[in-house]
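This report concerns only the one structure given below.
All chains are identified by letter, namely A, B, C, D, E and F, in their written order; residue positions are counted from 1 within each chain.
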Amino acid sequence: MAPRVYVARRFHFSAAHRVYNPAWSDEKNAEVFGPCSHPSGHGHNYELEVVVAGSPNPDTGYVIDITLLRKAIEAQVISQLDHRNLNTDVPFLKGCIPSSENLIVALWKEIAALLPPGVELVRLRLWETPRNCFEYYGEYI
Amino acid sequence: MAPRVYVARRFHFSAAHRVYNPAWSDEKNAEVFGPCSHPSGHGHNYELEVVVAGSPNPDTGYVIDITLLRKAIEAQVISQLDHRNLNTDVPFLKGCIPSSENLIVALWKEIAALLPPGVELVRLRLWETPRNCFEYYGEYI
Amino acid sequence: MAPRVYVARRFHFSAAHRVYNPAWSDEKNAEVFGPCSHPSGHGHNYELEVVVAGSPNPDTGYVIDITLLRKAIEAQVISQLDHRNLNTDVPFLKGCIPSSENLIVALWKEIAALLPPGVELVRLRLWETPRNCFEYYGEYI
Amino acid sequence: MAPRVYVARRFHFSAAHRVYNPAWSDEKNAEVFGPCSHPSGHGHNYELEVVVAGSPNPDTGYVIDITLLRKAIEAQVISQLDHRNLNTDVPFLKGCIPSSENLIVALWKEIAALLPPGVELVRLRLWETPRNCFEYYGEYI
Amino acid sequence: MAPRVYVARRFHFSAAHRVYNPAWSDEKNAEVFGPCSHPSGHGHNYELEVVVAGSPNPDTGYVIDITLLRKAIEAQVISQLDHRNLNTDVPFLKGCIPSSENLIVALWKEIAALLPPGVELVRLRLWETPRNCFEYYGEYI
Amino acid sequence: MAPRVYVARRFHFSAAHRVYNPAWSDEKNAEVFGPCSHPSGHGHNYELEVVVAGSPNPDTGYVIDITLLRKAIEAQVISQLDHRNLNTDVPFLKGCIPSSENLIVALWKEIAALLPPGVELVRLRLWETPRNCFEYYGEYI
């Protein structure tokens, strides 16, 4: 029996997006989404917190080498988002309205695929602004 | 089956309060509550985080329009607290010692009543100072 | 003789931009600006701190009513930037590469024009990210 | 010739205040100060940054022992403000409208009196909220 | 039936550590731990958040007097860590690789022992840097 | 005549230090420096803000390419400090009591030497903890 410890790492990326539904007219988009749907887009400094869980390895005291975790997520995930436009530039968001809700669900799959055995993805937090935050735990309803 | 995503929004208000029990003498209040019970009161910049959960609407990518959520809570709840005295000015705190514990439980009822169907209140966090924080999940024991 | 006090207020806006020089080829832009020049743009949560100075009015204790200052700058300046694209949507940035250096110099003129007599604009600070910040004091060299 | 280094320390206090002019009617106070003048008051978590300057002592590498500076300011100044009402409880604010402008000027005198020879008070910063800040450099105009 | 409220308090300590396994050679330590294992050590400003839960006492509105909680944890726990070397100076870390995972599990036992009846320890968060954070809920797997 | 704009970039490093004067006994060090002088040392997460000034280049809108500035300072300066012991591991601190005052003065020389013509170093800020900060402007007295 070993303690279950949670390890969290924060990432940063700057991206543009426009929240709109391509099936709708510009008028309907403006009515539903307001300034979030301005045609030339806007952008954010996103903060992403990735939380994994597991037991500390008795030889290292680590659940996971946080430097390796950081490098894998930066190379495979953040590099696809940073200084990009979420509507047009990100393969794993293709065909998806780039709301933070849809972004965080898409990030779950990308990040879970990078974790070694024995380390479980348990929570993502995504700040769109310092006051607007989204969380996902891999749950379905 | 749809993903369950959590949406959090932070609010700010500045208020005065004095923690004391009107059934007790000033001496007993001073003894139990110390400087929190100084007769002329003191105050805080409170930060409140409201977390709701639901499934993103496929047409909008939103669990809830966070701007509408923000406006409803500001108009119905924050406006009753900001630049007010929690002991004397807030109808929904009448008869209640304005500790942060009691405040957060009272806030739960006010905020839950404002949410549309399909959106569930799941967590409140209330910072009284940057180092003192209170959480409530609607639980009873 | 009256004390000179500085009053600072922070503002927030989310905007898209692309740093590029329209006189250059896409290749030269990519070479000079790197990912900041990706064609579809990217974006930031900007924080702007406006600092003015003056003497407190003996009747009010205020250098300036910070609520009035806030409302004027939000209505006249922030509303032109928030949820906008700095390359295409902002009249006072027309013809200007929207680097944070050029943005802060342009903001100085917009904000100085809004101040009442006896209140002097002394400093602007503009955070493009939490780690990149720009300051302007109205100086020329 | 020795380098001049600036040493800054932050303090925290929670206080109530009501911004009003006792020479005016409640109506005039409400008209001029708005919600800042509500009769039962409101409050803030104030942050105060004290900045002093001097040359590092060659034997210690210190301009001043920051622990001694902290203890002196906590004991002599912060203790008079924390968990107090600025309108009624603070001797050095007697007769003064407790705006942050007046508070910061009053704090200058209190703090300057505590510094040892060779250490100069150069700047105070007082945050009333995370977005409203006041600075004072001891200047008169 | 009474509401269950969570009360969180943050603590700060500055400590040195070196992540290494004394059963390994310096070469193996360098290979596995990289710069975290430099022989002379390095250090951090740790932030610790302690979260307890219980029902507010009807007479006080408090789950626990947060000032008493703070003083007990500072006197019994933080004082053992602040301005110390985690490899050599802390009795409750004896024989343990001072990774943040091992530190947070050790802290659980120290802090749980200090709580009065009716107040339950539910979560610890430990920030090693602003971007690296560890959580523990007392779980075993 | 061109505007003079200030560009600030923040850096992070984690290091151990012990404040003590090798010319003194352990007793005198303990008496003067208290816990800052514990023999096994302690450590901090340092934040360093580097501020340079110049005129924006009309072709780029930049005073300096902040990515190049960042990379040069990380490679030449931060790499010498991060995950190191300031008493023993840093060539440019040799023979110097590693107080933050002495560290910031030493950093000035290291960083000034890296700047291109037309870009002037104007301010360093060094946070030892979130509440203790040091500033240096290259001044001598």
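One rule holds for everything that comes next: contacts are C-beta pairs under 8 Å (C-beta built on N, C-alpha and C of every residue); 3 or more make two chains touch, one makes a residue touch a chain.
Remember, predicted model here, so these are calculated numbers, not experimental data.
Peer 1: Counting hops between chains that touch, how far apart are chain A and chain E?
Peer 2: Contact-graph shortest path, chain A to chain E, evaluates to 1.
Peer 1: Please identify each chain that touches chain C as well as chain F.
Peer 2: D
Peer 1: Farthest from chain D in C-alpha centre terms, which chain would that be?
Peer 2: If we average the C-alpha coordinates per chain, A ends up farthest from chain D.
Peer 1: Taking each chain's centre as its mean C-alpha position, how far apart are chain B and chain F in Å?
Peer 2: For chain B versus chain F, the centre distance works out to 41 Å.
Peer 1: So how far apart, in whole Å, are chain A and chain F when each is placed at the average of its C-alpha atoms?
Peer 2: So the centre of chain A lies 33 Å away from the centre of chain F.
Peer 1: Using mean CA coordinates as chain centres, what's the chain D-chain F distance in Å?
Peer 2: 28
Peer 1: In chain D, what residues contact two or more other chains?
Peer 2: Residues 130 of chain D each touch two or more of the other chains.
Peer 1: Looking at which chains touch, is this a line, ring, star, complete or other?
Peer 2: Drawn as a graph, the chains match no named shape, so other.
Peer 1: According to the definition already given, which pairs of chains are in contact?
Peer 2: Here the touching pairs of chains are A-B, A-C, A-E, B-D, B-E, C-D, C-F, D-F, E-F.
Peer 1: Could you pull out which chain B residues touch chain E in their complex?
Peer 2: Against chain E, the touching part of chain B is residues 19, 21, 23, 32-34, 96-99, 101-102, 104-105, 130-137, 139-141.
Peer 1: Taking the complex as given, what residues does chain A use to touch chain C?
Peer 2: Residues 12, 14-17, 35-36, 38, 40-45, 82-85, 87-89, 129-130.
Peer 1: Could you please specify the touching residues of chain B with respect to chain A in the complex?
Peer 2: On the chain B side, the touching residues are 1-10, 49, 51, 55-56, 59-63, 66-67.
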